[in-house]
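Across the two complexes that follow, subunit A remains constant while its partner is subunit B and subsequently subunit C.
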Partner chain A sequence: MAKEIGKDKFGSFYVAGSRVRNRREWRGVKDTLYDYSRWLVIMGTLGKFLMKPRNVKAMFRYRWMANYLAVPMMVDRHTQGLRQEYLRMCHIEQDLIIDDVAKLLGNLFRGDRRTGNDTEFSKKVVLVDENEMTAVMMGFPMLKCLSRETPSTYVSVLLNQHAAEHYIDVAQEFGLAGDVCPMPEAEAGVSIDDDAPVLGACAVQCNTTCDGSLLGNGVISRRLEKEDGIPVFQLAAPLRHREDDVQEYAAQEIRNAIAFIEQHTGAKWDWTEYFECAKRVNYATKCRQEWLDMNRTDYPQVFGSNLALYTETNYMAICGRIAAFEKADRKLTRLAEQAFKAKKRAAKEYRHRAIIWGVQSHYYMDFLVWLLNCWGIVPLTDMLSMVSTRKIAEEDTPENREQAYYDMAWLTENMIMRNRTHGGYKVLLDELWEFTEQFNADMVILWEHMSCKALDGMHGLFEDRARELGIHLVWVSHDLFDPRIISRQGVRDQINNYMRTVMREEPIDPSLEILPDEESW
Partner chain B sequence: MKDLKHLIFFEDLLLEANNKLVQQAQSDGRKCIAYVCENTPEPLLNLEGTFSVRLRAPRTGSIDVATYYLTSFLCEFSRALLERAIEGGYNFADCVITPDGCSMMNRCVENMELLSAVSKDKKDFFYEYMEIPMKADDNGLNLYVLQCKNHILKPLAEKFGIDTSDAAIRKAVAKYNRIAELIRAIGDYRKGPNPTITGYEFAVLTLATYVAPKDLILDRLEETLEELKTREPDAKNPFRARVVVVGSEVDDTEFIKLVEESGAFVCADRYCYGSLPGRDPIVLTDDEDALTQICRTYMNRGQCPRYMNTEKMDARRTYVDSLAKEYGADGIIYEQMKFCDPWAYEKMLGSHILREEFGYPVLAVDRPYNIAGSGQMRTRVQAFVESIEIKKIQGGAQNG
Partner chain C sequence: MKRNHTKKIPKGLSICLKVLGILFSLFTFTFVIYIFNLDMKLTSKIEPLLLKHYDRIERDRHL
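Entry: the complex of A and B
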């Protein structure tokens, strides 16, 4: 047990066949007390959640709810080895996300016809996809924008690597080919299994991220419209999002979506609230840019999963609508600047500076922590964090009200991941090498989400270009939601093999090279 | 039945992408517009001075190099096209125009571009990528029109000096309609109880209209239609069931042959490269520009699963039902190219809906690009035919 960063042998925390680790980490008195106090807060959030009978009922009704028992463990996986500012940054983010998800669950079950059945509340709910920017809800503060897929599949897999397997199997038993992306496949499986809360005045689906998401939505909308009687608007975001000649189409889709929501909820779009949200979006962009600027130096501060998970949530799911995230942005920036001034580092040794590209393995989100602790590879930034940097109009003027439709369209088109996987090869292929240079990276860790066709379709050209530029390109294959195809150890082995055979290096913490975490949450 | 007089001629056209009629048209000074997706409005590619060729890769062998570039997870169609491009098989093309119909076709063409795999020695050669609507509505139509202007008409005019006026487009539609009407009329001979054309023969004729300059096959199609008027069917119908084939890209006529050899007559073809609705005539009026009307027709009739609004999704299934009724089908075969995301979902939902809500026997299969040698597929179709026969004997769907 050690206070110093990197003294512990983290591999010894794992127990074969167990879902949890054998003990918590000792980080010195101050950091351990801080970490423990945050653990208590999380337990408090869970306890509060379970005080409501409808939530307990939901625990028994919805199969995926059992995964939420693993919340404290998920946080522990992401804080491994962290001290001081880095530990606090992680908790600020994760605790806020947990609180946000707990509220989301509470609201879903409040309106759910099978549990809370609060019909008046349900009339104020607009269902949205998990894979969808929520920009179109920025001017509807009187409505609740809720995603059913976020808690049932997206967060569930973060909590428990095996969470989606049942739903993937359900979809395949129903006749879906096994080679599609398991994310929309699992979401479709939840719908086929009739295992999603039923509520809402209407729903807005979106074609983001990809062909799979678009088609998976067809399965979900069928149940929503034909069985549950919930009208659905399909929001089409153009694929070639960098082209000028698609923006009018995109903006009109936003206008149509807003009109649909107004029609089905009776709510009226609120410009004042919209521009408040726009200010927060801009502030989040500014903060993210500052963090990325720091990551271009020798002292990166907000990086790895601290950057990735938070950006996904704040940029896409929140989209300026919740003030608490602005507060978190401010705190995170303050901590990052403090550590940057003191030239602090998050791990014992930094050996390689890496850009993480492609779509990360969802069942192994803490892989980036492992990468740093085991091999000293610093994940400076990741593809899903390289989102829009454009400042959107934030003053309420007649011109800006018109511009706002284009801004919302721009944000929707530039949803995380799809802003890179779609829109032509430049955004996926060419810009990677520009970032590699900007961040002074010597390595690219390229997640190969094997059933992501948009990504796979550039495989050979990634290799060709990396070879031309002399950059170490390490492929890490995975199947996003399904660890039965490539396990967490299978993911690690791809790095281990490269580092040993090509780089001829020894790990910083050899105990992490092979971990018995097949059964682990 | 006696062989169709021009069948071998049409079959011969399908053996090479750069077939003899393509060569003939180019030697006459016409520009070859290559494209890869049914959502590209064909009449716009067949203006005076141009002709279209929808790319395919007949007689595909190894696709190892394309698999390196695209991985084994992209559909074999996209890989076969890229492989053929790398081999130099499309160097006859003067440009490639493609919509972002699906990720795989988009990546396939992008790889062609980045690898300079097609016609790199032609100085005016260009690639154009189009955004196309995902819903059939006014907004989608506006987009479609704008994209066709910017990514088809404008480059054709600027690069090749093609007349893209409304009058020129109307002329192209008239020529397109002549072919479409012929194919429709020929296809109608599939409707009878003992049809005078097989699904395979019809697939060959239809496919030829996609891959050869249309004006150069017009006379033979007309002759074929005349021939069908007096063609005597076999005394005993060799088929035991009639099926509609529904699904993703099929440019392998051997697949249709395999289905028919297994006892199922393909009475209607609802797949990419098929005639339904791909060979429906385009009706133009004088009160609106031709381009808008063409785009509206393509958008409204499109059966591609990328159309995601509920009305379109429902319409895809009712369209199959209407075809089954019109062509007297006993069952439906939903097929998808292996690794095709859009059709993976559409096949799953469509097969359930057509079976459970419309009451048809449905076979759902996935298939590679080249199918002829597949014993597995043959067995599945044979079993499907038997199940239809048993249902007929037992008195229909009510008995399971």
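Entry: the complex of A and C
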């Protein structure tokens, strides 16, 4: 038990065969009391959620709800070793995300025909994909934009590494291919398993990122439209998003999606609200750019999980629609600036500056914390955080109303993951080396999501370029949602082997090198 | 006749002490749960029971 950063042996917290750790971390009086107070807040959020009978009913109806038992542990995983400003930044983000997901669940179950069955409320609900930019909802403050896949699969795997296995098996049991991305496959599995809440006036699906995503959407929309009577719009954003000649088509898709929502909900697009949201999108972009600027120096502040998880949520799922995230942006920037001025560091030792590229393992999101604590590798930024930095129109003028369709299209085309996995050689490969130079990184950790065909074809090209530039390129294979294919230890071993054999280094915390967390949440 | 030398505690102070005692007990109780991760240890025991329950639910499983 130690107050100082890096004094603890974090490996001693793990218990073989157990779902959970043996105790929580002692971080000195001030930081422990802070962490304890945030734990109380999280318990309060969960308690409040369970006060509603329909939520309890849903807990006993939907298999994926069992994963929410692990909410406090998810926070513990991401705060491991953190002190002072870094601990506070992590809690500001995680607590806000937990609150937002609790509200999302509450709303889903309110409208769900099996639990709350509030039909009037359900008429105001527009369902969206998990992996979909919510820009088309920025001008509909009177409607609820809800994603069923976010809590059932996306967040569930963050909470419990084994969460998606049941649904992946169900999908394959019904003949779906086993070599597609397990994320859309699990989402399809939820639908096949009759385990998705049923609600909404209509739904908007997006062609997201890949063949797996199209497969999953097909299965889900079939059930939505033909059985549940919920019409679905397919928002087909262009994949070659950097090309000028696709932008008119992309803007037209946005106009069509908005018209579809208006037709099925009776709601009218609100330009005033849209431009308010646009201001918040720009503010979030400005903050993110400031954090990335700090990360280019010797004193990075908002990085690792603190950058990755928050950007995914704020950029894509929130997209300026919720004011609380603007306040969080402000607080995070203040804390980061404070730590930057004091030249603070989040860990005992920084040995390597790394860019994390590729699609990260979802069942091991706290891997970035592990990299820092075990080997002193600083994850300066990651592929999913390198999203659009373009300022969108935020003043309500007739010209900007026309420009807004192009801006929403741009955001949709450049949503997380698809802005790098599609769009050509430049966005995935060339820009990586530009970032490596800008961030003064000596290492690239390249996630190889083995079911992602978009990235696998580029393997040799990455290696050639890294060799030319003299950058340490460490491949880390994984299967996104399925730890049975490559376990968390399998992920760690790939780094351990590289660090020991190529870099000839010893870990900063040897107790973290091999962890008995196969059964862990 | 024996005189009672015990000083009487003012009522307000007594209430304050009781409230502080309750708050301190609550803090100790919850802090022990927090630091020894007892909340997660308990919920990890509930999970298998819930999974068994989900297996028993009748579902309309199809493509």
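What we mean here is this: the second predicted complex is superposed on the first by the 521 of 521 C-alpha atoms of A that agree within 3 Å, B and C clash if a C-alpha of one lies under 4 Å from a C-alpha of the other, contacts with A are read in each partner's own complex, and residues count from 1 in each chain.
Throughout what follows, a contact is a pair of C-beta atoms (placed from the backbone, for glycine too) under 8 Å apart; a residue touches a chain by one contact, two chains touch by 3 or more.
Computed from a predicted model, the values in this text were never measured in an experiment.
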As a test of reading the superposition: which chain, subunit B or subunit C, is in touch with more residues of subunit A? B
Check whether A:Y249 is in contact with subunit B, with subunit C, with both or with neither, and answer first, second, both or neither. first
Tell me which partner A:F174 touches in the superposition: subunit B (first), subunit C (second), both or neither. both
By the touch definition at the top of the document, which applies to A:F60: first (subunit B), second (subunit C), both, or neither? second
Determine, under the contact definition given at the top, whether A:M458 touches first (subunit B), second (subunit C), both, or neither. first
Is A:H422 touching anything from subunit B or subunit C once the two structures are fitted on A? First, second, both or neither. first
Touch test for A:N440: subunit B only (first), subunit C only (second), both, or neither? neither
Have a look at where A:V219 lands relative to subunit B and subunit C in the superposition and call it first, second, both or neither. both
Is A:Q263 touching the first partner subunit B, the second partner subunit C, both, or neither of them? neither
Check subunit A for residues that touch subunit B in one structure and subunit C in the other, and list them. 174-175, 219, 222
Residues on subunit A engaged by subunit B in the complex (per definition of touch): 171, 174-177, 179-181, 188, 205, 207, 210-212, 214-219, 221-222, 225, 232, 234, 236, 238-240, 243, 245-246, 248-249, 252-253, 256, 421-422, 424-425, 429, 448, 450-451, 453-454, 456-461
Touching residues (chain side subunit A, partner subunit C) in the complex: 18-24, 26, 32, 36, 39-40, 43, 59-61, 63, 66, 69-70, 72-73, 76, 170, 174-175, 192-195, 219, 222, 521
Subunit B to subunit A touching residues, read off their complex: 68-71, 73-74, 78, 100, 102-104, 106-108, 110-111, 114-115, 129, 131, 133-135, 139-140, 142-143, 146-147, 150, 305-306, 308-310, 313, 336, 338-339, 341-342, 344-349, 351-352, 364, 366
Show which residues of subunit C lie in contact with subunit A when the two form their complex. 30-31, 34-37, 39-41, 43-44, 46-47, 50-51, 53-54, 57, 59-63
